[in-house]
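Here chain A shows up in two complexes: once beside chain B, once beside chain C.
Right, the complex of A and B next:
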């Protein structure tokens, strides 16, 4: 029993990280229908914000709080300068955001070099109960991630802004005729999605090596988690992230990590193909 | 109008291929060797233009078929299949080449059947699923030691003894150029036929095509298999030229690259897609040394700007402008000349 516990916690922390990374994408892609292939690079910018802020001597938690602001502002700029011109051409949105991801990646390479950086784990030590112990930062990360995911879900479901955002996303024409400034709401929703990606990057940075190529590794599982769960709802994402991340993590310890990822991707593709609405279809956009 | 008329397209293609044929005369052996690869990438780009520009299927995994063609060619000609006389027979390039093309087509038939049967996947879902497929296939090949794993397969034999001299790339260049020209003419004819109209229809309004009694599934699958077969041919010829089959040929990286070439050149026009690949590779060989990391940054920015401002493509836009001039000129020359609709314009 005690041997299974770390496996379970590893899986849980991986699932929460994946859901956290994908939570911004569920707003931007799942709800707004913007296929943002640069989402992985927004995550990357979050992690590099921490690297830079720590370089100036800022404590980790200040840096982590700064990341969503920096990346959120970047998101505003991206929406203003790029996304709004292509949002009515969905396939071109894929291409434009892919171009953007190349540009961001190269800018990071030019500014910080192609090598990897490491971020010191802000909370040393381990959390132990009896003979069992687990890194404390991972526990804290799980708690923070749960809170952020729940908070994002609450903003979307329980607040007036969330209502407006969902209205604009579901019926843009009707919303505009009711006097909602749809352009503004879209902009803010996109910025929130970006900010969540930035926060995820900052929080995950101490656990992984921060390098310019780190975005893609999270982008594909994030998209798959959203599609498996059912694009358009936070609950669907949690379910999809649980399946994709959990299976990947558990299989990764069992068979090789590469084989685990291949298995999970293939299963996810099968699910998406056989149930295009996802396992738990929400009430958001349909394919 | 986003298509070229038949007469203009043929004239332009003739100019392009004749200009390419002059490369060994004017350029060094090094550039002839490079040009062979660019032409093969151009062929690969044409096959994507068929799928994406014409049939509306945006795929992020097209290099999978390029890579399958390449790996089948490499394993067969290196004699890794069977043993004894069978192995020698299968290693004949003239057997291995069709088998490579067939292998890519077969893989596409299987994947296409899975993707398109029933209601089928299209649009963004197709892009994301093919992206995942490309990542999976690349990882599988990287982890598959019989295929050389990360290192790939080194020492793939040339197509024939006359193409084997590394200091004389001219014969291989002309072989590849002729094959590319044949593929171009064949595809261009096909797209101006009934099949081309079906492909346009399947991209513009699949439901209506279905109501007319056509099988959307068959049209999509047919285009997918044909595109993959051409990609496989390009891949097989590429490894025979390069002597090297690496996992980077089969994965997401090359899939995304070919998408950029085709988008920059012009997704709707075969010749523009072909030239897009040649131009980007040529620019890369000059500029990547000069600009270093700024090259990829510049490419990304140009790509982004082109998608937003000139979605027809940077090469296709002037081509279309010239095309209109050409057709206007032709029409004013002869009074009873057919209008653009009768000029083979699809």
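Right, the complex of A and C next:
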């Protein structure tokens, strides 16, 4: 039993990180229907914000608080300069955001070099119960991630802004004729999605090597988690993230990472084939 | 953002004024020179066969569809070319065909999308009070139409565009809706453009009727003329509505 506990905690921590990374994507892709292939690079910018801020001597938590602001502003600029022109043409959106992801990656390479940077773990030590111990920062990260995911869910479901965002996503024309500035709501929603990606990048930075390719490794499972869970709701994302991240992590730890990946993809294909709307089909966006 | 209000005030005191509107979809023209005025506090019925462009005309008025040429004035202000949300903020409200409610929002959430809900809404539609926390998608057709009208009125508009409100409703519900609309017009002096095929509803609410045919206003008559000529095979209803 005691041997299974670290595997369970690892899986839980991986799931929460995955859901945290994907929570911005669930707004931008799941609800607004924008296939943003540069979402992984927004995550990357969050991590590099921490690298830069720490370079100036800022403590980790200040740097982590700065990341969503920096990346949120970047998201606002991306929406204003690029996304709003292609948003009604999905194929062009894919190409444009893919191009943007390459540009961001190369700019990061030019500015920081192709190598990896490391961010010092802000909380040293381990959390111990009896003979079992687990890194303290991972425990803190799980708590913070849970709070952020719950907070993002609350903004979408429990606030007036969330109501307007869901209205604009469901019926843009009707929303506009009710006096809602649909362009503004879309812009702010996109920026919130970007800010969440930036926050995720900052929080995960101490656990991974921060390098220009780090976005892709999280983008694919994040999209997968949303598709499996059902686009358009935080509930779906938590379910999808739990299934994708949990299986990957548990099977990877027990058997082999390759077999875990194969299982996850086969299962994802099965779920999407049998339930095209995912496990919890969102009611956000209508075709 | 403050609405871009056009500086040009029209010389007339019309509430809604359409001048030589040309509009359509892609290369297909639907409206070919529509001119129409609706005076403040009056209800104008707009009738015509299917496909004549009644909904297109509504979408030109509320800014959802761009005009090829022509102008729309709301309370004297030129609104042509303004974004739809600004035209709505300037006082144009729409009850779209098919209602377009947010089915997974509650009645109160639907009513409050444009801003705080004025108390009059529940005076006019007391039937909605016990339904305030119900999801709009679970309501009957008549109840949904009340929500759609209430949602449009919650912004206290100057002009209400009603696009086929009787669609899919049973006669008694249509009758009640006519009475409520009449009361609202009398209460607050609302100006309505009522797009309808249902002659009885137009008779109950409108003061005059315009007939849209082949993309232009073919004829415009006071409501008494419409009522008197219902059995007349040469009358406007038969000319413009019968197949």
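Keep in mind that, in the parts below, the second predicted complex is superposed on the first by the 285 of 287 C-alpha atoms of A that agree within 3 Å, B and C clash if a C-alpha of one lies under 4 Å from a C-alpha of the other, contacts with A are read in each partner's own complex, and residues count from 1 in each chain.
What we mean here is this: a contact is a pair of C-beta atoms (placed from the backbone, for glycine too) under 8 Å apart; a residue touches a chain by one contact, two chains touch by 3 or more.
Being a predicted model, the structure only gives us computed values, none of them experimental.
More residues of chain A lie in touch with B than with the remaining chain of the pair chain B and chain C. Of the two partner chains placed by superposition, A:157 touches none, neither chain B nor chain C.
Of the two partner chains, chain C is the only one that A:171 touches; chain B does not reach it. When the shared chain is aligned, no partner comes close enough to touch A:255: not chain B, not chain C.
Applying the stated contact rule after C-alpha superposition, one finds that A:180 touches chain C and leaves chain B untouched. Once the two complexes are laid over each other on the shared chain, residue contacts for A:224 go to chain B alone; chain C is not touched. No residue of chain A is contacted both by chain B in one complex and by chain C in the other. Chain B makes touch with chain A in their complex at residues 58, 114-115, 119, 121, 123-125, 127-129, 131-133, 135-136, 139-140, 142-143, 252, 256, 259-260, 263, 293-294, 296-297, 299-301, 303-304, 307-308, 311.
Put simply, chain A touches chain C in their complex at residues 163-164, 166-167, 170-171, 173-184, 283. Across the complex, chain C meets chain A through its residues 1, 62-64, 83-85, 87-89, 92-94, 96, 100, 102-105, 109, 113-115, 151-152, 155.
Residue ranges of chain A in contact with chain B, taken from their complex: 33, 35, 82, 85-86, 89-92, 94-96, 98-103, 105-107, 109-110, 114, 216, 220, 223-224, 227, 256, 258-259, 261-262, 265-266, 268-269, 272-273, 276, 287.
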